[in-house]
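One structure is given below, encoded as structure tokens.
Every chain is named by a letter (A, B, C, D, E and F) in the order it is written, and numbering of its residues begins at 1.
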Amino acid sequence: METALSLTVGLFFIAGIYLMLSKHIIRVLLGIVLFGNAVNLLIFTAGRVASKTPPIISESAYLPAGATANPLPQALILTAIVISFSFFAFLLVLAYRAYNDLGTDDTGRMRLAEPESENPPPMGY
Amino acid sequence: MKNWLGILLLTLAWIALTGSWTIPNALLGVVLSVLASSFAREQRRRREVALRPLRIAELALLFLYELMLSGYRVARLVLMPRMELRPGIFAYPMKVERNFEITLLANLITLTPGTLSVDVSADRKTLFVHAIDCSDPDQARRDIADGFERKILEAFR
Amino acid sequence: MIDALQSTLAAILILLGSVFALTASIGLIRLPDFYTRMHAASKAGTLGSCVMLIALAVYTDDLAMTTRALGGVAFFLLTAPVSAHLLAKAAHASGLKLWSGSVADDYATGQGRDKMAGTDVQ
Amino acid sequence: MTAALFLQWSLNVALGVLSLSFLLTVARVVIGPTLPDRVLALDMLVAVAIGFIAVLGIRTGHTLYTDIAIALGLVGFLATVAFARFILRRRTIEREEVE
Amino acid sequence: MPTEAGTLTFLALLLPFISAFFAPILTRFLGHNAAWVLALVPALLFAHFLSFEPLVAEGGTAVGTVAWAPSIGVDFSWFIDGLSLTFALLISGIGALIVLYSGGYLQGHPRQGRFFSFILLFMGSMQGLVLADGFITLFFFWELTSITSFLLIGFDNHREAARRAAFQALVVTGMGGLSLLAGLLVIWSATGAGGMSALLGKGDALRESPLYFAALMLVLGGAFTKSAQFPVHFWLPNAMEAPTPVSAYLHSATMVKAGVYLLMRLNPVMGNTAVWETVLPVAGGLTLIAGAVLAIRQTDLKLVLAYTTVGSLGLLVLLTGLGSDKAVEAAVLYLIAHSMFKGGLFMVVGAVDHEAGSRDLTQLAGLRKVMPITFGAALVAGASMAGLPLLFGFLAKEEIYAAVIESGGWAAAAFASIVALFGNAIMAATAFSVALTPFLGGEPRSPKPAHEGPILLWLGPAVLALLSVVTAVLSSTTHRYLSSAMASAVVGARADIEITTIPHLGMPLLLSVLTVALGLVVFTWQFQARRTVAALLGAIGWGPDRGFDQVIRGLLKGSFAISRVIQGGRLDIYMKVTFIVLALALLVPMASYGQWPAMPAWPALQLHEWAVLLIAVIGLIAVLRARSRLTAIVSLGIQGFAVALLFMLLGAPDLSFTQFMIETLSVVILALVMTRLRLELADRRPLPTGMIDSLVAIAGGLGFGLLLLKATQLPFDDTLSAFFAAHSRAIAHGRNIVNGIIVDFRGLDTLGEITVVMVAGLAILTLIRMKSRSSAKMTEKGLKCAR
Amino acid sequence: MAATGGTAIDLAAAIITAPTAPADWLVIAPVVIPLLTGALLVALRHRTGVQGAIALAGLALTIVCAALLFARVSAQGPIVMTMGRWLPPFGISFAADALGALLSLTASIVGFIAALYSLRDIDIAGRRYGFYPFLTLMMAGVGGAFLTGDVFNLYVWFEVFVISSFGLLVVGDDEARIDGAVKYAILNLIATTLFLIATGYLYGVFGTLNMADLHRKMAAVGSEAPMMTLATLYLVAFGMKAAAFPVNFWLPASYHTPKIVTSALFGGLLTKIGLYALLRVLVMIMPAERLALSPLIGWIAAATMLLGVLGALAQSDIRRMVGFVLISGVGVMLSGLAVGDAAGLSGAILYAVHSMLVVTALYLLAGMIRDAGGSFSLEALAGLYDRAPVLAAGALLLAFAIAGLPPGSGLWPKIVLVRASLDAGAGWLAAVILVTGLLTTVAFGRVFLLAFWRENADNPALAERRRKVPHLAFAALIALLAPSLAMGLYPEPFVAAAKNAAAGLLEPTPYVDAVFPGRAAP
């Protein structure tokens, strides 16, 4: 299982990175989403897939009956998912705002902070 | 406390979804449903709704039957090596006029064989229905008229 | 005994449901235009998921779970047509043409576009 | 063949069948050709996913799965509605969409 | 802090800085008369250091230490011997005169108070520099002198020339300072000695050490820049932009001698090597000649003096480099003499400038009638500079010739003699022209009617002139207390100077006479000489001074070009570089340390698992190949659902639940935002870009995948999870272990997570609500920059 | 994941039986206090009147606690405090060692002073849109990052201060800030995500997340573990956060766009956290890998130093110049990491403290120059020497401090680092450090020449944009200058603290023992 998952993770990363390299901010955002999923899968895989039964203890028992999936990575991923989603939401709104304020969705043209036409520093004393 | 029916339904739904049949939970459900229905946009009604439980049951049964049927029809249609299709949209003049009746009708039509309600005209008198087999629109109109629409009218008047 | 019955029934329902789902998706592929596909999805698709949820309701001994599953079924039966209806309306409004083989479009001819802003019905 | 075995067997079969229909639906999403088609397929995807969940719920008798199914249905519904409104808002989309 | 004398010395080191703080306040109340009060500070120091004379004259030394940064073995420590003491006396003595002088010179200047405090700050720094024992202490004060001289040169900050000169001084001497620091630290790590007093014993160890050459070069870098050796001499003449008291004090009497001081200080431990005895004389000789030649050229009296100062510094370095005791003694004598006459001459020039309104040779004449005292002082100082008998300059000159004649082989001797003769002659000539030209001649001629200045203006030069007579006449005493003590310190062994001012026949005297004769010749033809030199230099054109401008300019232009390249302002480039780095960081170590994963077996998956994975991949491809972004967004849902199903299949229901929610929400929000944007369609990348991007992406993904494979092939330690499983229900009362972990075992993460969500919401609100200054104007601007 | 595995551990070793000693709550105070303050401020978002006061009060309290913590840690070594009942490695524990305590103390001081300055800099709109909540919550994140003892928890705190910094970045009315925010946000998100990824791998290899536990397990790890790759991955992630070349684009792209206070805070704190994380992970957890990587780190450091200072020379906007100088400072710190012995590390830490104070002060100074001179641009500015002498004095002292000239605080880290690299036989690194110092001198010398000394060519456009520099600003500037000067004139306490911190990193046994009091690894 880990092998297949590693492969998938690799593919997710490839797709995510390729999209993030785009000029268009929306595609960058899509890339970020893929990247995030890749990371979640990665952490999950890193915790190994020992068993496929959910780590839930039945009403009666005090211990899970037999082996369960590794709960710790799941907890970590849950934290990470929520965090990355709030980041994603922020970025989305930021992109929208940038489009409104800067009039473009092409990051190559967002040149207010570092303008295209900069003067060299003053040379005199 | 106008639409106690809605509140009852909501409460039942609540209990069902929470899945705990305890008195406090039920009460909580009631409270929530009251709140919800008070938030809901109140719609004007001409006549007080008359409920005929038996008829409603009939309607429900008919509906379930039709649903199964439609599922089967679709299955047969798509699994046939070559589908003969004569789809189209026909206008259906409604007798029902109250919003919830129209809604109900539209939804039922959508879930029943070969038909799919697309839109309601602005004057809320005509229903546009898409049919997979639109070879004979009048036949289809008739089916609806004697089928669901009549049942609805019986059920709620 | 009861268990066996439950299991068998659940199994049958499951198979039934999955078949419905399959047919729906096949229809989604095979049917020629959006509206016809919508028939497949909105009917067989909904049916499939509902049947399988019912199977779940039948199978479990946990009353809460049963009611929940059934509630879910009711929910789907309510929402599926609404969403289908909305989608169809939207598609038509956005000028999505019917399949060339369609026989009639009263909608286009009849009280056409101008009424498009008509009241939503839910 | 006892009921339990039959159940197991049918569950596996169902999983296979569902996977197949999932694939088909995905194919429709990819093919399109129009946005409504894709949205429809997405909606269908949700339905199939619910089926999956139901099957797994039966497999591992955990209550959690039902909730997931219901919540998923809810979200799917919302998504479809949102998309419908979205398509309504920009009617010109088709021109771009259809190649 | 050992003795009470030590305490006093420490206070003496601090006093100038403290008084500098009060100088402006004092000046506000007393005006220029504050000088009288402030002059007490250096006077006090002078007195304090004078009290060490008996001890030092017997060859004794005094050291003191205050804990400064013991944990890195750095102390604030000082070291008093003949060398440092003489310097300290010069600094404080001349300092007192300078304070008085500047009281008169800047009378009524709005920022006179600030000037006083700068001067006092400098005095303190210089004081510390020469007395410092610890290397770090030395460096600390060394840099402080650079800084204060920066402030003083730029004092008249409204003139660009002044700003430029100050900047130049800061850069050049700053460079030297860093080189010095490096050199001192190299010495430190070579010998283990962190201070001068400790180092003195380790001379041989240092000379043997392989680091010797590096250390020497670095130290010379410091000394030469500070002492304005050719070719980095150019900052010194430019520094004449400073008010004359500064020129007199920093740029002739004291600061520029810091380099020489350093060389003298290190002579015992670094001298007597081939390198030392070739580099120093050559550099010094060049500087001497350059300074002398350039001096003739000038008509501005201050510049004339400045270039002669360069020459004198060259001479000092040359002598220090020769290595023989005689040479050292000569250097010592010349250093003292120079401080006295050059300081005096500068003050004279300043007084003339102040009273007669010009300091240009060609505009002044006959001032002797109207400025008799100044004339007298000028005469004496000039004579001393020319090395006429009865003056201290004479002693120095005799000793110099005595030294150069018997230095090394005859070739070296000849070279040194000729250089010295030539340089001295020209300096004598300039001395005449400075001391005589403005004063002799018929009627007084000057831009504004000149008259004798106030006492503050002529006191300084007069005292110095007097001193150079007295010290010369009482030469034995001078030698006993100053020269010999200093010379011994420089030689590193007892050295006694016994030269007196009574001329005695011999080669040195001959050469002196020759020098004066030559000087007179050049003086009489000075204007022709000036023209020839000017023509010569005009022919050369380029000089290091212009070179400095070119360097700075080039530096600015170059850095501008570079930073435009590496910080181009385009996000896509930034991302590309980032991910290339990432890919390298993943693959290179794996390759070079052989941390590849083992070839895995074909995974055994059930059908539906394969299906889900396949769907995920299809979803990815769909997103990538989507022709319009809307399609891309919808297809985003596929992979999201697939991942969620995967989690579901692998026993992570909570995950798949959250995943479903998040994915759907993301897709919906994306779609909703898209409706508000007018967006272009496809993601068009030119082929090469596309190729590069995909290469980068593939490399990165490959790296991550392989590393993950590698990690999962290791044995896994699941203690934690086992523990959680065991105790989730029992103690944490959670049937769902994952929830148990989230809320109990790792509750802190959840706290942070909640914070993040809250802040994100707040930030989004801000983003939506907060209006830009003028969105309308903005958009069209944005569109403009989009073109 | 056999459940029986769980029973192997005796609970006594895993659960806190005794209640936490009240003194130990100090460890978490620098996080909790700002957190609560932030929550309170969020609640009072519309009471713009009181917000500044509340924030100041909270941050002042934070300083007090951080100071007490620092005192205790330097007196009796690392202190550990565990939230909840679960002892590490099961629960998350906060562990304050000399390094963490020192940096969090400095950070809290910087935060307080920035808040002080902001009282005049942030208008009503800025307050309504949550400047102060962002500020305090960012301080909470920073404190958490410095004090937590758990890698994943460190990631969470990273995210906390990063998202807060996003919020701070978008508060304002200059459109350029949006552009800057886009670049800053995306690149920083990538950086933190890389950190998360690396942590995931780390968990996959070791099965634990507690730093002390990792340190112990690292000793035992087999050779086939891909530790080098992990180390480089961490190097990239944290290098990005620390703005090391060649992944430092986000800093010059954004730091000059927001409100000056925000720039000051960022400049003072954020890059240092990246460096802190590098020290924590590479020196304490992966020493062997750090050793293997040190040539690479050395080159990175050199490139960062030189390119940073060259970038500074190329700017006409003072804020951007400060940003580039900050980058070259990062290079200086990295050179300490490259050398890696006690001297080098203490030099790096010393520089971090110095840079926190001085860079913040420099940004504030830029703001005051804008007020007094009406512009940020060296082309326009002039005549401040006459108009604002006090400002000139401050500028001069800061310039010396950042250029490493006496009497500024920068002198000592420079000396320590140059000595360390010379002793380590890396003369070229020492040379680069010195050249960087010289070029910094050139850069700021030019600022002083042009903005202050140059004759005031008065153009009305500038004149009408000038306003009086508020006294609060001077107070803030002086409050930052004072410790810097103290460090320059009497470095011993700072040097000693830095040395102590470095020792704690190189020999973390006390740290580990504090985390696992008298227990073998479970």
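Criterion: contacts are C-beta pairs under 8 Å (C-beta built on N, C-alpha and C of every residue); 3 or more make two chains touch, one makes a residue touch a chain.
Source: prediction; values computed, not measured.
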item: Between chain B and chain C, the fewest steps along chains that touch one another; value: 1
item: Most centrally placed chain - per-chain CA mean versus overall CA mean; value: F
item: Identity of the chain that, by mean CA position, is farthest from chain E; value: B
item: Chain D and chain F, separation of their C-alpha mean positions in angstrom; value: 48
item: Whole-Å separation of chain centres (CA-atom averages), chain A against chain F; value: 25
item: Separation of chain C from chain F, taking each centre as the mean of its C-alpha atoms, in whole Å; value: 56
item: Distance from the mean Cα position of chain F to that of chain B, given in whole angstrom; value: 63
item: Multi-partner residues of chain D (each touching 2 or more other chains); value: 18, 20, 22, 27, 39, 60, 62, 64-65, 67, 70, 83, 90, 93
item: Residue numbers of chain A (touch at least two other chains); value: 20, 28, 42, 45-48, 50-51, 53-56, 63-64, 68-70, 72, 76, 79, 83, 86-87, 90, 94-95, 97, 101-102, 107, 110-114, 120-121, 124-125
item: Numbers and ranges of chain E residues touching at least 2 other chains; value: 160, 163, 167, 552, 556, 560, 564, 567, 569, 571, 575, 621, 649, 651, 653-654, 665, 674, 704, 708, 711-712, 716, 718, 720-721, 724-726, 736, 745-746, 749, 752-753, 756, 760, 763, 767, 772, 775, 778, 781-782
item: Chain A residues within the chain F interface of the complex; value: 20, 25, 28, 32, 35-36, 39, 42-43, 45-48, 50-51, 55, 63-64, 66-70, 72-73, 76, 79-80, 83-84, 86-87, 90-91, 94-95, 97-98, 101-102, 107, 110-114, 119-122, 124-125
item: Chain C partner contacts - residues on chain D that touch it in the complex; value: 2-4, 6-7, 9-11, 13-14, 17-18, 20-22, 24-25, 27-28, 34, 36-37, 39-41, 43-44, 47-48, 50-51, 54-55, 57-58, 61, 63, 65-67, 69-70, 73-74, 77, 80-81, 83-85, 87-88, 90-94
item: Residues of chain D that touch chain A when the two form their complex; value: 60, 62, 64
item: Residues of chain E that touch chain D when the two form their complex; value: 606-608, 611-612, 614-615, 618-619, 621-622, 627-628, 630-631, 634-635, 637-638, 641, 644-645, 648-649, 651, 653-654, 656-657, 660-661, 664-665, 667-668, 671-672, 674-675, 681, 736
item: Complex interface listing, chain A residues touching chain D; value: 53-54, 56
